[in-house]
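I've put the structures underneath this note.
Paired with subunit B in one complex and with subunit C in the other, subunit A is shared by the two complexes that follow.
Let's turn to the complex of A and B:
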């Protein structure tokens, strides 16, 4: 290879990803340097090892992972890059933990535009810097045209648990309150509005956000009263509560009147024939809180920018059937069942 | 949903993955329970949270990730499941660290056979148990038919670094020795032998294996002398040495006579018109070792089942051009350059 070739930069305007970008040779080294390291730059990536090291204090840590296959890749309020940072930070934070570091694995389809890859990597870097949770190690694979769909990202995250905290899905108890940090369905509706076969006009943006700051405030004032936290992503509030009901062997009673749903989201859901309770969120959390800690937790949530609209939306009840029941706005009742089928594929 | 439907088991013989298996509802919970938790069973997965917690002592940890897109999914000596465990354990181990835990993110194509998914999950569980490194958290996504290629897996891993160890790609120094743990090219040749367009007969099996036990022995006797370790996967020995040459600003001189290559691998490579130096390995490591620690490191390697054929294959030299030079069997010399292009796509 001549000196000239060696210093030729990637064509980030018009270039495309080729199989050689995943083959372990010089093209891959260049892609990683000019796209990923450029965007995610930090002291760990700069060392160029296949793994990265960090110091920890003695204690309890958590680890999580999520794959992101969202379609389309770019949507109002975010893209697959920011989502892959926020979503995994949130899964760490839902344990009550403080997220420390992320890893990122990219699976890219041959022919994908380098300009789009750069946009995604840049967005990922921005989200990681804003959250203060760096991506310290990664991997890139390329598959043939038609063997993937643009780009898939899997991120993993690690974090540290404050002493004594042990939130778990099996810890909801009758009498506990159900707190929700804000409005439902924004992410799902924003993404659906850009689906090729559906495209409709909406001003709704995805709520995609990193919730660890909000969680930190809640842990500080109500840590001992936190039973479970979950971010209601795929399957929405309905799937999350049904899962928790199974895992804790309880029921839930939810008040429809108390559910924060934006009028534009309600309208879009009506148009699409879907129920906002089943629509994915990416910047909201549900907390099951012991009754005596509810006021403190709610006040802490409302004092945080990402929890301003927080509300108590219901409570945990004894129920051998493990039903999620909702008191409707008209005073009636209905069962909020598990999602059947695939209402909203590839929403995250 | 009736009680009967609720208790219907997945059809693991003839069933296929559907989009609903990734939608966050009951079908997904069932797939996770009957395929993944069944295969990977451990105390963490049983708790059913979106993240898992573990205790750590104060010290230094490492984190890594790799995506696996190998084609075909099943090959002589392994499959994508065992590979995704071994590969990520090895990336942790190459820092000299002791792997603790793995995460796994599955991206599955709609229509993929449940029987194959179960085979992969079972193989993953077996590999994790044999290595003593459990998969403690995971995620499952399903994409439409034609939007992936069967199944992709991204695993991340964390481990603990023994005190004082700081291996890094920039630490090779002139005079250091290059140690290789065993024969080259087995994995790549085994996989290529099953490619639809190439299929040929060979008795070669992939060398896919977890190397952390071998690394532990090396660290114990020669920890202070270990500069860098790498597993020569994509791009093989050639890519690994060229990368290290760049990162450490040195050259390498390798002796062709000293390279362990099985006759069947050499024959297959000749048939395919490829050079075994560029072929992927999944159970081998290269160690750059300070001269005074070489004998101890080599003896430790040879005493371990995965390092019986370990050899000193060359040394680090001063070279402003950062070339990897090879003395050939006939006494001549040649430059072993970076891999150009995509000789062996989707080999891991």
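Let's turn to the complex of A and C:
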């Protein structure tokens, strides 16, 4: 290779990822510089170390990690890059914590289009900047064609916990209220609308968003009354409430009439024969709140752009069977059970 | 959602519920069978039982195609999928139906068989077109509603000259099953009336049900799948029972006519013919109760093309699906219910499809068993 060739820029328009881009040589350095550092640029990445050092406040920290294997990679309202930022920030935030930094690791399939990779990295950078939570370290691997599905991303996040806060899934108590920050099922429906074998027209966009700002407001007014928060991603509201019921040894009663579901989402679910309660969200949270703090928490949520449609959707009840029961819009009762099997592949 | 919300209106439902409470005679019991899994699902999903008086009992019928498919047919599908070069296309809820020895299509898929989940017959056609070197078999299942699309796929395959497409046909006929249940009346259940099928009736019309009303003196009300449809049908049945009438009434006039969809019927009649016998899970061998492809279309018949032998396999002996499908037992009366048998680990097919009586009761209604036990 001549010196001249070496300095050729990556062909971001028509080029593809090759095995050499993950082999630790110049090609890899170039990919990292021209795609990832370009997109995610910050003072930590600029130093070019395999790790990044940062100062921490005294107190407690939280840490989380999550893998993203969504298909399709691009969907209305987002893509795997923004999702990998939002999802992990939200996992940190659900502890009541303030997210500080992220790491990102990419597993890329040989032959993946560089243009798409750049789009994903740019979207990731944008999401991280908007959230104020930089990606400060990362890794890239390239695997042979057929050994991955385009690109998989894994991100980790760290954050600090405000003093005195200790949210946990085993803390829901009978009498607590269940608050939901907004409409259900937007993400799952947006993703499904782009699946090859399902493709249908919808105006629904994924709700993918970083929720730490909203959480900050809630913590500020109702910190002591927050028992537990969760973002109902895979498995939707149903899975989240069932998990909490198990972990806290309680039951839930919710009211179908009070659940915010957009008409387009309801219509798409009807068409596909699925229940919006089981459909994934990426920008919503459920908070279990002590009764005396409910009003304050709800007001704080509604004052925030990501919680404008927040509502009290039910309450925690005593129940040795740990059922999530719902009064249907029809006036009858039913269980909202765990989802059995998974007929809808990879939505996060 | 226009045209849907109207049929899920809670206020209207309470009005119908009040009418049912008023019109039902407290001195007698009403056992009403909803034939279709779609109705079973609506009843459980919307908690309709809570809106009915204690003496009106809904018996879940055999109208869930997955539930009545005998184990042997799953075993045959597994054999098909194991053949070299075969791509088996099927609906998602078939994947977990247990065959013999705990095998299922899902397991076979994990072990390497080329089994693909599709949403319609036409998806299977698309696969056959895109992959001409594969033998693509569509696992066709269902009542009269899904038969016309299967017929259409064969018509299209013929037109497009798709020699690599065939159908493993398991289509069955509603009237035969209803007749068997009525003949089983001695079995211990007395059904006072039927909520007749919704989608099936859009194809076959209400006329075929006249026989049951006349010969067996049972009222039939054909009803839509929305919860309000079901409530209204229950009210209509109760009124017929009270008056001693046994007629075929049509609650679902927005979609169902007396003679159904003649074009679809003609298409089906052109491609399919009656099988002399077909095994139904829970109901046994029923004469003239299922369809197969006519000789002229033998090339599209997977059973003939791959020389499949009929397999007759027995159910898990403890599974009460049979009694449940005949309305003799309730899901909670099966001793496997909720212990070994759950939607994650189904022992019988009624636990697989969300339209199955056991799965519907487990997923939506089992809290009532605990409530019942507590008050008992």
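Keep in mind that, in the parts below, the second predicted complex is superposed on the first by the 346 of 348 C-alpha atoms of A that agree within 3 Å, B and C clash if a C-alpha of one lies under 4 Å from a C-alpha of the other, contacts with A are read in each partner's own complex, and residues count from 1 in each chain.
Keep in mind that, in the parts below, a residue touches a chain if its C-beta (ideal position, glycine included) is under 8 Å from a C-beta of that chain, and two chains touch if they have at least 3 such contacts.
Being a predicted model, the structure only gives us computed values, none of them experimental.
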item	value
Per-residue contact with subunit A, leading partner among subunit C and subunit B	B
Partner chain(s) touched by A:69 [first = subunit B, second = subunit C, both, neither]	first
Partner chain(s) touched by A:270 [first = subunit B, second = subunit C, both, neither]	second
Subunit B versus subunit C as contact partner of A:337, first or second or both or neither	both
First, second, both or neither for A:257, with subunit B first and subunit C second	second
Which superposed partner A:104 touches (first subunit B, second subunit C, both, neither)	first
Contacts of A:146 with subunit B and subunit C, given as first, second, both or neither	first
Partner chain in contact with A:325 - subunit B first, subunit C second, else both or neither	second
First, second, both or neither for A:183, with subunit B first and subunit C second	neither
Subunit C-contacting residues of subunit A that also contact subunit B	337, 340-341, 343
Subunit A residues within the subunit C interface of the complex	197-198, 257, 263, 266-267, 270, 321, 323, 325, 327-335, 337, 340-341, 343
Complex contacts: residues of subunit B adjacent to subunit A	1, 18-20, 22-29, 47-69, 91-92, 94-95, 97, 101, 103-107, 136-144, 146-149, 152, 154, 156-158, 161, 166-170, 230-231, 233-236, 239, 242-243, 246-247, 280, 337-346
Touching residues (chain side subunit C, partner subunit A) in the complex	1, 4, 8, 10, 13-14, 17, 44-51, 92, 95-96, 117-119, 123, 227, 342-344, 359, 362-368, 370
